[in-house]
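Each in structure tokens, the structures are laid out below.
Common to both upcoming complexes is chain A, partnered first by chain B, then by chain C.
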Partner chain A sequence: MSDSYAIFTDNLGKSFGKMKAVRGLDLAVKPGRITGFLGRNGAGKSTTIKMLLGMMRPTTGEGTVLGKRIDCPRESVEMRRRVAYVSEDKRLYGYMTVEQIIAFTGSFFPGWRPEVAENLLGEYELPRKRKIKALSRGMRTKLALLLAFARRPELVILDEPSEGLDPVGIEQLLRAMAVQCAEGTTVFFSSHQIADVERVADDVCMMEKGKLVLRLSLDEMRKSYRQIDAVFPAAPPELNFRVPGILSVRESGRQLSFLASGDTEAIVDRARDLHAVSVDVAPVGLRDLFLEMVKER
Partner chain B sequence: MLWYKSWLETRTRFFIALLGISALCLIRVYIGEIDVFTRLPLLRTVEYRTVLDEGHSMLCFLWMMGVILLTMGGLLREKATGAAPFTLALPVGRPRLLGTRIGMCLAEAVVLAIVPWIVMFLTASVFGEAVSLDQAGFLLALLLSGGMVFFGVALLVSSLVEGEYTAPMVSFGVVFAGLMALNSMSLDKYSPMHFASGGGLIDRHTGLVVGPIPWVHAVEWILLTVFLVAISLFAIQCHEF
Partner chain C sequence: MFFRLNPATGQPLYLQLMEQIRHATETGALRDGDQLPGIRTLAEQLVVSPNTVVRAYTELEKEGLLELRQGSGAYVTLSSRTRRRTDRIQAARRRLQDLIADLRSEGLSDEEIRRAVEAEILYSAELTGKR
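Up next is the complex of A and B:
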């Protein structure tokens, strides 16, 4: 089962003392796709990624990345030979120059592609001879992405990759992610830029307070999820809307707004039965869905 | 390429330490060999205590500080500077990362002992009387066995204490506190500094080290260092980043 996924976790958990950063996480990332990993600050995204890469040990549960167990140091080394990771900070060795770190990183990966490194070096306009400590944050981010993409990875894990990038840099990043995916690489990235995630991702996983609250494909979201706004002549009868498929209800004056999945027709019919003056059905954006999923429960 | 990384990481500190220690050793031996009032060389054998005793003692102290500074680094320092995730995402196990750092620091530590001794040896030969190679080798063996404990302590501290500058401060504190405690309790014979500087082995009349090299004690200090290295390795493997 776990071998058919690029990333698979079963009841994965991590506690720091009494604080549970990740709780019972069941993650399944399909290979060859771009998966966005969403969640508020402190939701547990970075901790999850660090556990996947063997930087932290899970308190509970288990997981595999490319079929290798994340809690086994030997298998983790084998896995990292096939994985590229760009951390949230994008900090590299300040005492190396750009070309030194490219040579250094390339030496660990037999499938290293110098031509890709060369192309990205030009595209990102990175100065070869400059010390990394003298690079701006945006340049450092671009260099970290170059080092990730040039190693011919089977899986790319990016933690907030667009942080520190200008709009042109973000565009280059999204294009590079699409290119990687077209070459068969699985891309798993966390981001707060929901518009970017919606643009480039095939699947989305959402975390809130250490738990996975949603996992779906964006095609599924576009097809199944709807925002329904119903206006009633008097105070809306919220309790009458106990209909399967309603994920949430929000009341605003005489209007009820529903977030629904599945059979929205039944909800519309129910609203009309209750004498709704008007009923509007609209597709749901990822932003709306995210805000609904992470609102205080 | 991990060796290359370790070299790039430590080379500035290494060259500063090497030049600084060598220069101070040269000055110490030069001044010690020349009578500062008459500007004439001191030719009596007993004056060679300057080279063998004071010169070597000063080298031991400077070497210890140099080695502590060189040993600072590694994953915990990278955690403080933010580069640890990049290192840990490379397909390399933590023992190999630590092993490379140990290898580079040891190589630099050996050079840091030998080169200043060559400088002292040449300075003494040119300005005073030649020191015998046996004597120099004897003192170097003491320094590189007893002194290694300081390397072990610094490695352990850098494997336990986070922060870019915290680890060297703690290392210096631990080493000085330990040496002062041993000294105040008249337990000098258990002090690695006492052993490394040839304490108890130097003849007061000739200023020369006497007797065979105390290999058993040397091995004991090296075994203690190995023990400290093993704890460091365990600490690094358990640490979460």
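Up next is the complex of A and C:
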């Protein structure tokens, strides 16, 4: 089962003292696809990523990355040769120049593609001779991405890659992710830029308070998730429509708003039966869905 | 060929791409034997997941509108049936152009024309019971 996924976790958890950063996380990331990893600050995304990479020991549960067990040091080392990771803080050796770190990193990886490094160096307009400590935050991010992409990894894990990038830089990043994926690399990235995730991702995983709250493909979201607004002549007769697929109901005066997946027709029919004066059905964007999933209940 | 995908509509991106390719063959913007960009190129150009392009291309291949060859090239293959259909659609568009020009000269606004056309389509669909 876990072998058919690039990333798979079962009941994964991490506690820091009494604080449970990640609890009972079941993650499943399909190979050959681009998966966006969404969650509020402190939802447990970075902790999850660190456990996946063997940089932190899980308190409970288990998981595999490219079929290798994350809690087995030997397997984890083997896995990390095939996985590229760009961390949130993009730490790099400050005393090296851009050109030096590219040569240095390249020497570790047999699959290194100098032509990719060269192309991205040009596209990102990075100054070859400048020391890393003198690079701007955006440039450092681009350099870290270049080093990850030139390795021809089977899987690339990016933690907030668009942080510190300007709109042009973000566009270059998304394009690079599409190209990487076309060349067979599985892409897993966390981001707060929901609009970017919505453009380029195939699948989305959402975390809230240490748990996975939603995993779906964006095709599925576009096809079957709808926002339904029904206005009634007087206060809505009942809130509970007893129709499967309703994720949330909000009441505001004479209006009821539903977020639903699947059989939206049934909800529309039910609203009409209850004498709704108008019923509007609209597609649901990823932002709306995210806000709904992380709402305080 | 320029395609434009909108992530904010309630339609999967691969379906949008399929529709735009189909539309391009109907208007004659894409002809029999024309080559479409490779999967990587189009994904890079549109800044979408390559899986979107793969899905659109394979579905259109099943429909017989594209032929995929090794090296990820995609070629438009209009069967005589699709070609006849394309001709018919183009002829229909010419008739619509004339009709719209007439209605405009009679002082109708574009919005009024659009509403009238939509209402007629809806009405006749209801009469024949197909929707």
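The rule is simple: the second predicted complex is superposed on the first by the 294 of 297 C-alpha atoms of A that agree within 3 Å, B and C clash if a C-alpha of one lies under 4 Å from a C-alpha of the other, contacts with A are read in each partner's own complex, and residues count from 1 in each chain.
Quick note on the criterion: a residue touches a chain if its C-beta (ideal position, glycine included) is under 8 Å from a C-beta of that chain, and two chains touch if they have at least 3 such contacts.
Values in this document were obtained by computation on a predicted structure and should not be read as measured data.
Engineer: A:Ile246 contacts which: chain B (first), chain C (second), both, neither?
Structural biologist: A:Ile246: touches no partner chain.
Engineer: Tell me which partner A:Val179 touches in the superposition: chain B (first), chain C (second), both or neither.
Structural biologist: A:Val179 sits against chain C, while chain B stays out of touch.
Engineer: State whether A:Arg81 touches chain B only (first), chain C only (second), both chains, or neither.
Structural biologist: A:Arg81 sits against chain B, while chain C stays out of touch.
Engineer: So in the superposed three-chain picture, is A:Met207 touching just chain B, just chain C, both, or none of them (first/second/both/neither)?
Structural biologist: A:Met207: touches no partner chain.
Engineer: Looking at the overlay, does A:Arg33 come into contact with chain B only (first), chain C only (second), both, or neither?
Structural biologist: Only chain C; A:Arg33 stays clear of chain B.
Engineer: Just to be sure I follow: which residues of chain A are touched by chain B in one complex and then by chain C in the other one?
Structural biologist: Touching chain B and chain C on chain A: no residues.
Engineer: Considering only the defined contacts, which chain B positions touch chain A in the complex?
Structural biologist: The contact residues of chain B facing chain A are 1, 4-5, 8-9, 12, 81-86, 88-94, 237, 240-241.
Engineer: Can you name the residues of chain C that touch chain A in the complex?
Structural biologist: Touch residues, chain C against chain A: 7-14, 39-40, 43-44, 47-52.
Engineer: Show me the residue ranges of chain A that touch chain C in the complex, using the header's touch definition.
Structural biologist: Counting only chain A, the residues touching chain C are 32-34, 171, 174-175, 178-179, 181-183, 195, 198-202, 218-219, 222-223, 225-226, 282-285.
Engineer: Can you list the chain A residues touching chain B in their complex?
Structural biologist: On the chain A side, the touching residues are 50, 53-57, 73-74, 77-78, 80-81, 83-85, 87, 89, 91-96, 100, 103-105, 107-109, 144.
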